[in-house]
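The block underneath contains the structure these notes are about, expressed in structure tokens.
As written, the chains take the letters A, B and C, and residue 1 is the first residue of each chain.
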Amino acid sequence: MPKNSKGIEVAKILPEKCIGCQICVAECPVGAIEMSNGAAVIDPEVCIGCGKCFEVCPVEAVKFEKKRSPKKIRKPEEVAQYARDNYRGVAVFIESFNGQGATVSWELIGKARQLAEKLNTRVIGFLLGYEVNDSAREAIAYGCDEVHVIDDPLLRTYISKPYGKALTDLCKKVKPEIFLIGATPLGRDLAGIVATNLETGLTADCTGLDIEEEKNLLLMTRPTFGGNIMATIFCEHHRPQMSTVRPRVFKTPEKNPARNGNIYCHVLEPPHDKLPELIDFIKDVVSGDGVDISRFPALVVAGKGACDLETMPLLEELANLVGGIVACSRPVVEAGLMPYDRQVGQTGKTVAPKLYLGIGVSGAVQHLVGMQGSEKIIAVNADPKAPIFNVADVGIIGDYKKVVPVLIEELKKRKLRN
Amino acid sequence: MQENYDVAIVGAGPAGISAACVLAGKGIKTIVVERGEYPGAKNISGGVLYGHDLAAIIPDFVEKKCPVERNIIESRLWFLSKSGGYSLSFRDRAFYEKQAFNAFTVGRARFDRWFAEQARAKGALVVCSTVVTDLLRDSNNRVIGVTTDRPEGDLKARVVVLADGINSPLAAKTGFRPEPKPSHIALAVKEVIELPEEIINERFNTETGHGVTIEIIGEITQGMDGIAVIYTNKNSLSVCIGANLSDFMESKVKPYEMLEEFKQHPLVAPLIKDGQAKEYMAHWIAEGGYEAIPQLCGDGYLIAGDSGMLFNALHREGSNMAMTSGRFAAETIAEALDKGDFSRKTLAGYVARLQNSYVIKDLKKYRRFNAFRLQHHELFTTLPRLGSFAAQQMLTVDGVPKKEKQKAICKKFRKEISWGSLIRLLWTGWRSVK
Amino acid sequence: MHFICCIKQVPDTSKVKIDPETNTLIRSGVESIANPYDMVALEAALTLKDTCGGKLTVLSMGPPQAEQVLREAISCGADEAILLSDRAFAGADTLATSYALTRAIEKLAQKTPVDIVCCGKQAIDGDTAQVGPGIATRLGYTQFTYVTEIKEIDTVNARITVKRKVEGGSEIIRGPLPCVLTVELELAKPRRASLPRLIHSLKSEIGVWNAEAIHGDNQKLGLKGSPTWVKKIFSPPFKEGGPRFDARENPRQAVEDCLKTLLADETFAFHLLKQWGQ
């Protein structure tokens, strides 16, 4: 191991392995890493030999021999003790709109149950709004053991400040060890306020949650770097461990109206500041026909390879046959063949249909992150190397113009048989 | 907020930055306008630079951490047929002792940024992401500045240095340089192939920091007048192949296919084995030589580097001529500023400097070389094939007496190429470079 | 009026591609750029300044190289630029970042009270969208996220009306100043700097503030002040994908084989049957 002038054994980056992702640059606690000609370079005189870069490097481009793990501020037993004594339970924010609970909240209750079982604790719902008692009962039916409600006319519509304060107050009172919020526009607006007020860690837009066995910490996995890399993040010394979670990542649990649970009502302590007022709400008038592709059980998705006007009726027919609708990837929207609200992917909609049929979709990362939750993925593409085949359950290599008519024909045959 | 400058330089390549360094070093108010997002973003070359010409501008370039990839200590020449070929190489201790950095490889994106930084440190302004769209002229048609594609984009300067490279839309628009003929341009493609430093050291038989250049002609360019090169960088190889644009137009060969085939050649493939292709790019090379050099100055402007077609095709030297022409331009401008006269007559001192230096002398020496190559395509077809045939015959041990082999070789030579034309080839070849 | 715009320098993630064979990032010297959302925020701030007059200060936190994005902001019309750069800031997560930025804004506000802080909705490298709300909360300013249009600014009554994206639509909301806006890309198209401004930006001084300058509590800065830690980073799991049928020779055979494989899965077959039963 090379040493610097202070005798510290420093890390070194192997430039031939470095992919220039700059994650180590961001992670280095002392700013010792800089980019040079597309590869990271460590300044040995600044490096403190902590090995952080070694841990985070996705491609093992950092040469570092770890002598001992970095200093722990608090011993593991202490943390466990601290957490157990003061913060308990897995909380979920139940987002409600016009008295209706958001689907993502139910999905999160399902996940919270799994986490709570591992931790041997309860699932808590936090519900804010006006006249939302139905949602509270629904939350119990989906799996909450208790629901804490603040029901107040001031919370009729979402305004950042009162909601932020109300939720912060609930957290301070109930002290959950984990707090999950749906990564909807409202949820993301709110989560940042609460985490800042509580001065705790918040991980945005998670796609995976699990409990680490040793210290019972929440492991939060999220895509980063434009969806190209996954990062697992934890929050060891602060409570609650907060995370926003993408909709449609977890399954909605079965609803059981017979479940028992407690509903606790709390009083709103309104903020003293002058508050904004909502003047108008403009419902999205979608340029197309206003369909929400995420609600369909089957999607026939047109990609760049099937980007022409004549193909569309063919795809419509196929979609009708499987009980779905035609959606598309970004190039098709850019070509003006389909409205934006039919677009699947990072910049479009996240979908998770029972059947995804990609026609001429190559499978760019940005598209894949928006459809990987689909139950069955079928890909038709002329290029055998198209990345879509790597996520497809079944692939057909060939010209869609030849394949799709046969597919329609064969499906019709089988339909008649049934 | 309109400001006037003494000198506006178009293009932050070796020529433009060299001029900027020298001018700013003399305290002359200089601005460089570059179309790329940063200097070097759009600059492409094989990547060999020459210490002599750089040292004339930045004497302590090594101490100033010039981003050198490898110091070239060995040059190889290959004459290849489809399946094999001749290799000649020269290495000398002098190239890493007394004359270190005589020639060295650089990554252009990194080097050009570093070079521009030196100019900045001396006080030149380097403006990026800005395209010069036209020249400003006064009523007497003298150049008095440039127009750019930005709002309020006019820039007044007493002298303009055009150093925007071979592929200059400005040249086409303003007509300061005649559109180069296809036969005066080579189209080259380049791939940077990543390999671990140690592997490169092993394959090229060098120490860390030392490098090799290989220059290659023969059947690899598929009968076209062209050349390939392989240069060693720190942990990558630059593999380039190119041919005359007029030949490309005639033969319809696709450059990247030619590159792919070249990479399969038995002498090349082992060098790049297991390498990762990192970048692919294509560029033009000014190959017209002496005959293609345009008017290098006019009232209020000078042309330097590739823009002025200053490129020695035989020795693959271009960056050195760019730097030196940039320096000469700067020195001439300094004199003109002293005199307060920017007419063509005063600026012609630049041309005189070039003529008295190796730049024009070399180009003049090789002035017939371009035509020679274009007229003797057998250099890239029959000759390497026959040469390889001869060597392969003589080296094959199969019981056939050497005398008979020699006869067979002579017969084949006679059949494919007459002695007369072979002698003529040697004679004109000699004359073209003498 | 005093406007502040926060800009982050990020790697250009849009230029990153994945090698389908090895599932690793293709390294092609990813350049650093100004976060595109922040450039829209800058444009919003510039437009506000153009209408109301006043001063625009741009703020960034990062290594010394990040001054590049601040120069870019000056070239577009910002009046002053401050870079928070100190090893003590390094390794900050969103909580520690919003703390440092807030301290800096408070310091700027001491000299000239701040009216509007403009931020991008999120940065393209982290995509968290948390720093904006963090700043608003710490400063106690009114928070407007996902803003797509600035409808009106009422300097007399110190309030602003904006249009912002919410689930299923947009809302028009009016609230008191000072406020923090986080903006969507569609709000504005960043302007191209004029040549004189660009030249001016190259000569401008960029103020650099360290931890001491913002009177930061070291326990709240950088790595120390960051509750979240990255445990590991990995490429998304590489999937092989299911069977592939080659339809180039015989499309019918391929389609039949494909459907056979599909319908062997009972849940899937059930789904189709359900569709067809209707």
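Here is the rule we go by: a residue touches a chain if its C-beta (ideal position, glycine included) is under 8 Å from a C-beta of that chain, and two chains touch if they have at least 3 such contacts.
A quick note: this is a predicted structure, and the numbers were derived from the prediction, not measured.
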Checklist entry - Relative to subunit B, which chain has the most distant C-alpha mean position? => result A
Checklist entry - Across the interfaces A-B and B-C, which one involves more C-beta pairs in contact? => result B-C
Checklist entry - Going by CA means, which chain is nearest the middle of everything shown? => result C
Item to check | Separation of mean Cα positions, subunit C and subunit A [Å, integer] | outcome: 17
Checklist entry - Just how far, in Å, is the C-alpha centre of subunit B from the one of subunit A? => result 51
Checklist entry - Between subunit B and subunit C, what is the gap in Å from one C-alpha centre to the other? => result 42
Item to check | Junction residues of subunit B, two or more chains touched | outcome: 109
Item to check | Where subunit C touches two or more other chains, by residue | outcome: 27-29
Checklist entry - Touching two or more other chains, which residues of subunit A qualify? => result 37
Checklist entry - Which bits of subunit A are touching subunit B when the two form their complex? => result 15-16, 36-37
Checklist entry - What part of subunit C is in contact with subunit A in the complex they form? => result 11, 13-14, 16, 18, 20, 24-30, 32, 63, 65, 87, 90-91, 93-95, 98, 124-134, 136-138, 140, 142-146, 161, 163, 165-176, 222-223, 226-236, 238-248, 251-252, 254-256, 258-259, 261-263, 265, 267-268, 271-278
Checklist entry - Which residues of subunit B touch subunit C in their complex? => result 1-3, 31, 37, 109, 125-127, 130, 148, 150-155, 278-279
Checklist entry - What residues of subunit A sit close enough to touch subunit C in their complex? => result 18-23, 25-31, 34-35, 37-39, 46, 52, 55-59, 97, 102, 158-161, 164, 184-186, 188-189, 191-193, 195-197, 199-205, 219, 223-226, 228-238, 273-284, 297-298, 322-323, 354-355, 365, 375-376, 378, 380, 384-387, 389-399, 402-403, 406-407, 410-411, 414-415, 418
Item to check | Residue ranges of subunit C touching subunit B (in the complex, touch as defined) | outcome: 27-29, 31, 192-200, 202-203
